[in-house]
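So, here's a batch of structures to check.
Here subunit A shows up in two complexes: once beside subunit B, once beside subunit C.
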Partner chain A sequence: MKTWFADLWSGFYTVLVGMDITWRHLFTPKVVLQYPEQKWTLPPKSRMRLHLKYEDCIGCGQCARACPVNCISIKADKRAAGSAPIYAANGQAIKLDVKVFDIDMSLCCYCNLCTYPCPTDCIYMTPEYEFASTDIRDHLYRFAKPDAVFLTVNPKPPAPAPAPAAAAAAAAPKPTEGGAA
Partner chain B sequence: MSATRPITSADTVGWRIDDIGPDEMILSMGPQHPSTHGVLRIELITDGELVRDARPHIGYLHRCFEKHCENVDYPGVIPYTDRLDYVASMGNSLGYCLAVEKLLAIEPSPYVQTIRVIMAELQRIASHCVAIGTYGMDLGAFTPFLHLLRDREKILDVFEWTCGARLLYNYNWVGGVSHDVPEGFVKACREIVSEFDQITYPELVNLLIGNKIFISRTAGVGVVSRELAISYDLTGPNLRGSGVKYDLRKDEPYSGYENYTFEVPVGEGQYGPKGSCFDRNWVRVVEMKESARIVSQALDRLEKLDKTDVREKVPKRVKPAKGEVFARSEAARGNLGYYVVADGTAVNPYRVKVKSPCFTAMSAFHHVARGVMIADIIALIGSFDVVLGEIDR
Partner chain C sequence: MDALLRLFSLIPGWDQNVPAWASISLAGLLAAGLCLGFISLGPVGYVYVERKLAGFMQDRLGPMRVGPWGLLQTIADTIKLLFKEAIFPAAVNRPLFVVAPCLVVIGAFMGFAVLPFSPTWQGTDLDVGAFYVIAIGSLSTVGLIMAGWASNNKYALFGAMRSAAQIVSYEIPAVMSLIVVVMIAGSLSLQQIVAAQAGGLHNWFLWKFFPLNVIAFLVFFTATLAECNRTPFDIPEAESELVAGFHTEYSGFFFAMFFLAEYTEMFVASAMVSVLFLGGFAAPLPVLQTVAGFDIGPVWLIAKAWALVFVHMWLRWTLPRLRVDQLMHVAWKVLLPIALFLIVVIGGLLTAPATAGGFPWDPWFGWPLTALLCGYLMLTALRAWRWHARQVREAVA
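Let's turn to the complex of A and B:
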């Protein structure tokens, strides 16, 4: 009998303790964001949509090899003999003609493993997340551009052997994108 | 009446008609049942409200993890390990990295190890928040879930600013971590710890764990005895809830866990027999508190340590020599082991086998489920805190 009343009392009391918390939460600031109207700031290294800067891609295929879900497909041929040399933004010569560079974002697992081995840092993840679509084929991104404009002048020519010259080359201002046609 | 009658057919396919008494019924629970924490189907032989036997059917979330690992290179496995226990990804990839590092004989720098400990412990707090929150929801208490998810969100924010992802991080790498901690990381973590101590923990105790209704609903339900827990190899909070003081962080320290002072909470059986659903959840709550303690100690350590390049020891190409290795770690749900075999010629593992804590918990399930009410089955699954992604792999 005594325990029955004690249980009854503790049942009421502990519920009231909980109600006290919920009651106090009426007066605390809201934590819920109303999504389409309100958006929070995403960190700059947020991993959302993959992007490729096609003008810098040398077609080495290391990203495709690193991808654990094989969502990147690359087709690259040797450039025609005698064609003018073109360069990526970090000075690497582009020796391949990248015909196809497709990323199937519906397969992508957002692990970011493709971006680390890239020698020219041309593939990267962007903090852009609103790319839902009603058709799965819209998620196949074709990055190869037939009319891409490449750098024809090496922006960072390989430095000669002596050290001072190398320092001077490193100190030279960075070329602007697409500056040379 | 027939609750004690033994099951005659022990086949794995299903029950025969003569297993079922005249007033019994086979009830299929799941795979879409909201309280089964994923896609789990449980076949119950019920006599009215009483469950005479239960048989869990797993495999609805099977994704060929182990076979798939044989076709991707060693770093490529890490995103897949994240998807095993998707509520506590950091702990999963940590276990895999420990295994491959053992295979390659790499020892990450103390700085990296401290970062890993912070991440693993924050992840443990976040994971237990979900575990206890959803457990309350299974039993009909919706509010604590929202409160706990609000606090988990802060931890996920820290993860997002560190590595760019909120749920599936790919953060622990073989030999290091993918990114150094961002600016203001220590301050943000300290805020999380102090908020946990001041808001989350008291709120959780007052709202759910100390609630008389919750206590009478869970204490004495689904009792796993000490012997049963050991014989079925339950690990983590499920084992400690039965009163066995066994924690790999203490008993077999890895990643520098020997440098931190913390207690290993065990179930005390305050309200009824030891090893009940209440004890398992109580252990989780205290464990969160201990994790917060470890995090604040690790933050002190992180500030004192020399900053090293976090990718310093990450090998360019992971190609271990022929050998096999088993490494285990204390993930949020228990003792997570990875068995990795390298054949010495390929850049992909010859075999990866996972010993998952949820799987062993599920194997003990039918034993505990015999003789309880149908409604208690839900309380039982929730208290084991199984994540089907890890069971089915």
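Let's turn to the complex of A and C:
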């Protein structure tokens, strides 16, 4: 008999406690984001769709080697002998003619490992995340542009004093960095 | 209907040319159509409110897409349901399969016949009004069993059997606590039950024999909740166990009818609770009974019924579903003994001359307790709002 009353009271009381909780939640401001109209402000360095600044790519292929899922495919040939020198934005000479630079975003695992070895910082992740499509082939992004306009003047000319040494110094970090990667 | 007949007489030549039986039938048809329309449109509103409440209680927004604040969502859903194909599975018992939802809807709608919206505005003032509502309420059980049986689906049959067990069980505490009210009012007529509670909030049967009738109210409310198959008593359709219970095989219009019946039944049950315990169409203050000479009794009854429907929804999003054995335990071992105890005690008190009109302290509890409850709810709502605002401020800082 005693437990009957105790159970009755605890049942009744806990229902009231639950109703109190739901009542309070009825009035708390809501946490919903009305997605297509409202969007999250993404944190800086958020890892979304990859982008390549084709004009800066020297075709070294370190990003493709770093990629754990092989979603980057690059084809690059040596530039024709005697063609005018072109440069990446950080002053590195572009010695290869990058014919194909494809990133298959349907394979990409957004690990960001490709952007670290890039010597010219031309591959990077953008905050763009709304690129769902009904065709998986739309996720293959082709970055090679046949009509790209390259820098023909070195934007960061090497120190003028010992010209060959500076060129060697500019070339030197590349193999070590590649070796580290 | 009388108003319609008077309206007909205004048409020149109507009384001379149209026989009385024809104009009465026409007025009846029109009145019935109007009522039916209004009653069937109700659930559109309830479903919207329910979905919004569900969203708000879970810190969501609920439907927001169709129309401003999602207001047209249920209308869109209704249209979708009405135009969807009603699928008849190959092995169903077709006649029963069709009759079942109709029966459920009829059971829900017939309750409206005796609901007193005002002293004059009532389908009919049956002498056994309270009994009629209880009896008609059980009609839907037949429909549910039919639906479950005709579906030829084990889950549907499970749901149907559960609903039969549940409604039969909960009918008993409901009737027992109803008897308490009937004993106090001395009549089964809903009109007289309301008349006995006139004169303000402190006269409502909820506050008669002070703590006792509150318990009767809770018992009756719980029982009606169970009879409407609402959470926490929704085991007939327990979606996590039985797919959708008795309406598993139903689609399109027939499914919509079950939905309509459920929400209509909710309103009828809540209106019954408010008639029996919360004064029906009587205003909480006699001053508020008329506005500019018009009796606004219907507004009060509907407001009270909606408040109770809100509590139904509130409970739905608060409590998990009971197990079948727990359900039976609550009905037979908890509600029924309490209801029997109340019958005996209140019956005894009514026979004693000193307490025949209630305890002497009855009028002193109604207002303070109502004020306390409303105050508490408003305060917690305000605090919840401000607490959240502080969280946001701290997160920003």
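We adopt the following convention: the second predicted complex is superposed on the first by the 159 of 181 C-alpha atoms of A that agree within 3 Å, B and C clash if a C-alpha of one lies under 4 Å from a C-alpha of the other, contacts with A are read in each partner's own complex, and residues count from 1 in each chain.
Rule of thumb we're sticking to: a residue touches a chain if its C-beta (ideal position, glycine included) is under 8 Å from a C-beta of that chain, and two chains touch if they have at least 3 such contacts.
Computed from a prediction, not measured in an experiment: that's the story for all the values here.
Novice: Using the superposition on subunit A, decide if subunit B and subunit C clash or fit.
Specialist: fit
Novice: Is A:F27 touching anything from subunit B or subunit C once the two structures are fitted on A? First, second, both or neither.
Specialist: second
Novice: In the overlay, answer first, second, both or neither for which of subunit B and subunit C A:P68 touches.
Specialist: Touch status of A:P68: first partner only.
Novice: For A:A80, select first, second, both or neither according to whether it touches subunit B, subunit C, the two together, or no partner.
Specialist: The answer is neither, since A:A80 touches no partner chain.
Novice: For A:K45, decide between first (touching subunit B), second (touching subunit C), both and neither.
Specialist: Once the two structures are laid over each other on A, A:K45 reaches subunit B alone.
Novice: When the two structures are overlaid on chain A, which partner does A:M1 contact: first (subunit B), second (subunit C), both, or neither?
Specialist: Neither subunit B nor subunit C is touched by A:M1.
Novice: With both complexes superposed on chain A, which partner does A:S10 reach: first (subunit B), second (subunit C), both or neither?
Specialist: Only subunit B is touched by A:S10; subunit C is not.
Novice: Applying the touch criterion given at the start, work out whether A:Y110 contacts subunit B, subunit C, both or neither, answering first, second, both or neither.
Specialist: In the superposition, A:Y110 contacts subunit B only.
Novice: Applying the touch criterion given at the start, work out whether A:A132 contacts subunit B, subunit C, both or neither, answering first, second, both or neither.
Specialist: Touch partners of A:A132: none, neither subunit B nor subunit C.
Novice: To be precise, I mean the smallest distance between any C-alpha of subunit B and any C-alpha of subunit C in the superposed model; what is it in Å?
Specialist: Minimum C-alpha separation, subunit B to subunit C, in the superposed model is 5 Å.
Novice: Can you pull the subunit A residues that subunit B and subunit C both touch?
Specialist: On subunit A, the residues that contact subunit B in one structure and subunit C in the other are 11, 15, 18, 20-22, 31.
Novice: Can you name the residues of subunit A that touch subunit C in the complex?
Specialist: By the definition above, subunit A touches subunit C via 4, 8, 11-12, 15, 18-32, 34.
Novice: How about subunit C: which of its residues touch subunit A in the complex?
Specialist: By the definition above, subunit C touches subunit A via 53, 55-61, 64, 218, 314-315, 317-319, 333-334, 377, 380-385, 387-389, 392.
Novice: Note which residues of subunit B are touching subunit A in the complex, please.
Specialist: Listed in rising order, the residues are 72-73, 75-80, 82, 143, 150, 153, 160-161, 163-165, 168, 170, 178-179, 182, 203, 206-208, 210-213, 216.
Novice: List the residues on subunit A that touch subunit B in their complex, please.
Specialist: 7, 10-11, 13-15, 17-18, 20-22, 31, 42-43, 45-47, 66-68, 109-113, 125
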